[in-house]
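In the part that follows, the structures are each spelled out as structure tokens.
Consider the two complexes below, in which subunit A is the common component and subunit B and subunit C are the respective partners.
Then we have the complex of A and B:
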């Protein structure tokens, strides 16, 4: 049983586990709403717009996480401003913001001589180097997500399933949208540290997809997705601890394996019936 | 009322702010600032790494005009050539490259620039330390051994002479004088490490760039934070664990970072293992003009001093 307890004796690994568990649960649970709303593009867009914040934080010498939060706020703010105009959907506003922010970020990288090395940390994460600020941010995001799901989960679900109905019932659909965006963006900031920009979408959608295959109703799906996200985080880190695979890639590969298992299980159930 | 105009205005403001930042960042582009000489009698040399730029100036003296591609802020392993590099290469008489896959991006650049320059590979004739890295014929960071540096200087003198035979005597004389300085540097480095007991000379760096330095100065490379000779890979949990165990087992005092970029992984490892994160070493580049690592010799001496200072403390 030593292999089970060994990683927990290391402070670096304990921090990584904390980050992975919190990030996995929050990304998994929120991913369900992203999936049901058909907003897969949102996660991808947010991930890419964050690059700009990371580069600006580097330029100003500030913590990367704060830069990402700034870019996230700008993304949510601008996209909701754009989407407030009825002629533009969220997809369209994101379609405008993604290339603008990402392009600006990449341009800044190219023109900033000082930004050498470690760009891979942004692309693939660096979960073994999480700082106190990263952990604090992750905890805050997880609490915010939990509180939102407890207080406004029913409304978010209604908006996800039947938008016109929600509007007819007098719910402020735009505000609920904004809430979901803000949470997804915050989760993206946390996941940026853990698994990086490129793999972030997998963390958001993978557990939700698996859970969708295995459940029939919303709340069991949300709970299962959160659980699968956490499981992937923990298993991925165990794997990385005993191999030469980096933490971020290992976690995402476990997400993919869990999805393969879920899909296989689903197919088997269908066959038996 | 549509909100679009104000939203667009914000995007524009962001864009302008970013451009302003860009303009600031671009001012001190140290490496490629020098323009190729207009005077026909000087040999126009383009050199990739900063070490080669320094060597070429030492050997060429007044007879050459050296244009550098890499500056203090460019990582050679990940360099993205710019159009101005291609322009410089198109006009060059001699192109100096490190070789051993460190500056492999030069191949495409030379082809695209349509350069007719004589190409001199500095590592020619130097026996490379083995590396497990895919795609590298050996460890490319040869200059960290003073003997290798002397060989590089000879290669440069030969290359310059081939391109400009009238300068041969000058180049050979300058190379000989500079090699004497390199001998002096080697002696100083030996003196710096002399008081440090062998079991304290335990080096940990961010990436594996100091193999030749370790061999030349009889140090012990305990490990590296990034698991490769290049700067672009993420360590796994096992690699970090093994490093922490090695630091504890050999009572290593310091982890040396090479860049001022986010060193949070180094800090976490140092915290866990009970070591310090120590000042920057000059691994792949030299320092800014005016810094203590401005020339090759200064940079190597600064590296030795930083290591010795970390290991001398109790």
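Then we have the complex of A and C:
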């Protein structure tokens, strides 16, 4: 049983587990809304625009998490400004912001001598290096996500299912959208630390996709996706601890394996019927 | 008799294209109104303007709450929700933000599913239901909203005979209770049989009034152009399924 308890003896690993569990649950649960609203591109875009904030934070000597939050806020703010024009959808405005922010970030990296060595952390995560601020942010985001789903979960579901009806019922659909985008962005900031820029979308969509295959209605799907995200975080860290695989890639690979299992199970059920 | 809907000089434009211009009419409470017109005439647009879902010019007054049954879209089929869950969405505005539907709300929703002939499908997911069944679930949701005015977009198209009769039964019952129903349809003969008032559109209002006033060759020719045939003194529109304009853009 040593393999089970050994990782928990190290302070670094305990922090990593805490980050992975909280991030996995929040990303899994919110990922369901990203999936059902067809916002996969939003997650991807936010992930790529964050790199600018990370680099700027590094240049200014501030905490990376704050830089990411700043870039995320700028992304959501600017894209909802653009999307207010009926000719642009959220996707389109993100499509404009993504290359601009990403390009600017990469340019800054090229001009900054000291940063290139840390680029890998931004791309693939550095879950073994989480700070108190990272953990605090992760806890805050998870609480905010839980509170939102508790207070406005059924309204978010209504908007996802039938937008015109939600509007006709008097709900401020635009505000609910903004709330969802803001939460997804915050989760992206947290996941950036854990699994990195490139792998972040997998964390957001993988557990949600697996849960969609195995459930019939929304709330069981959200609960299962949160659970699968957490499971992937924990299993991935165990794997990473006992091998040379990095934490971020290991977690994302477990997400992919869980999806393969879910898809296989689903196919088997269909065959048997 | 009080007016449930009154519209004066209503106009809706999508960009430079005018979808509806200068539409004025009133609907007495308790009426069942058929909204007719060729494809692209602005039928769905009128419903969405009444719903407050598209920007419009002119004056518009409608008794609230307004319930709406949209045209079927495939997108909704992918959403993980069962029939009972859809009906319960109709109770959300009454519940407020954090409250979940109660046991009584659930019983009520089950009764409404029974009313539209789907008592045994409460736990079926939306994508397991046929087109007609989905539409009836959405009708049950509209009933759960306890709307004073019901807006139904093509509730009779693409459905089987049993669905049609159930839907028409429910509409008649709602009208008898003083509620007002506006329904778009491209089925003229059916509308003439069941509606007590008609509203004929073609980017603007062509005619409006009781079914007897409207169902004349002259009015129909103005709305549908040359595709009107007179048989035994009753006008009919030649509905060529291979020559439909693209669906109305909304």
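Basically, the second predicted complex is superposed on the first by the 272 of 273 C-alpha atoms of A that agree within 3 Å, B and C clash if a C-alpha of one lies under 4 Å from a C-alpha of the other, contacts with A are read in each partner's own complex, and residues count from 1 in each chain.
By our rule, contacts are C-beta pairs under 8 Å (C-beta built on N, C-alpha and C of every residue); 3 or more make two chains touch, one makes a residue touch a chain.
The model shown is predicted, which means the values in this text are computed figures rather than measured ones.
**Student:** Based on the superposition on subunit A, does the combination of subunit B and subunit C result in a clash or a fit?
**Tutor:** In the superposition, subunit B and subunit C stay clear of each other.
**Student:** Measure off the angle at the C-alpha centre of subunit A toward the C-alpha centres of subunit B and subunit C in the combined model, and quote it in steps of 10°.
**Tutor:** 150
**Student:** If you stack the two complexes on chain A, which partner ends up touching A:167: first (subunit B), second (subunit C), both, or neither?
**Tutor:** So A:167 only meets subunit C here.
**Student:** Looking at A:150 after the superposition, I want to know if it touches subunit B, subunit C, both of them or none. Which is it: first, second, both, neither?
**Tutor:** It touches subunit C, and subunit B stays clear.
**Student:** More subunit A residues touched by subunit B or by subunit C?
**Tutor:** The partner that reaches more residues of subunit A in the superposed model: B.
**Student:** Just to be sure I read the superposition right, which of the two partners does A:36 touch: subunit B = first, subunit C = second, or both, or neither?
**Tutor:** second
**Student:** Tell me the contact category for A:158 with respect to subunit B and subunit C: first, second, both or neither.
**Tutor:** second
**Student:** Tell me which partner A:212 touches in the superposition: subunit B (first), subunit C (second), both or neither.
**Tutor:** Touch status of A:212: second partner only.
**Student:** First (subunit B), second (subunit C), both or neither: which does A:74 touch?
**Tutor:** A:74: touches subunit B, not subunit C.
**Student:** Once superposed, minimum distance in angstrom between C-alpha atoms of subunit B and those of subunit C?
**Tutor:** Across the overlay, subunit B reaches subunit C at a minimum of 14 Å between C-alpha atoms.
**Student:** Would you mind listing the overlap between the subunit B footprint and the subunit C footprint on subunit A?
**Tutor:** In subunit A, no position sits in both the subunit B and subunit C interfaces.
**Student:** List the residues on subunit C that touch subunit A in their complex, please.
**Tutor:** Against subunit A, subunit C makes touches at 48, 51-53, 65-66, 68, 70, 76, 78-82, 85-86, 89, 92-93, 95, 97-98, 100, 125, 145.
**Student:** Which residues of subunit B touch subunit A in their complex?
**Tutor:** These residues of subunit B touch subunit A: 2-4, 6-7, 10-11, 14-15, 18, 21-22, 25-26, 28-30, 71-75, 77-78, 80, 227, 231-241, 244, 259-262, 264-269, 271-272.
**Student:** Can you check the complex and tell me which residues of subunit A touch subunit C?
**Tutor:** Touching subunit C from subunit A are residues 36, 150-152, 154-155, 157-158, 160-162, 164-165, 167-170, 212, 215-218, 221.
**Student:** State the interface residues of subunit A toward subunit B in the complex, per the touch definition above.
**Tutor:** 7, 10-13, 15-16, 56, 58-59, 64, 74, 78, 81-82, 84-85, 88, 100, 104, 107-108, 110-121, 124-126, 128-131, 237-250
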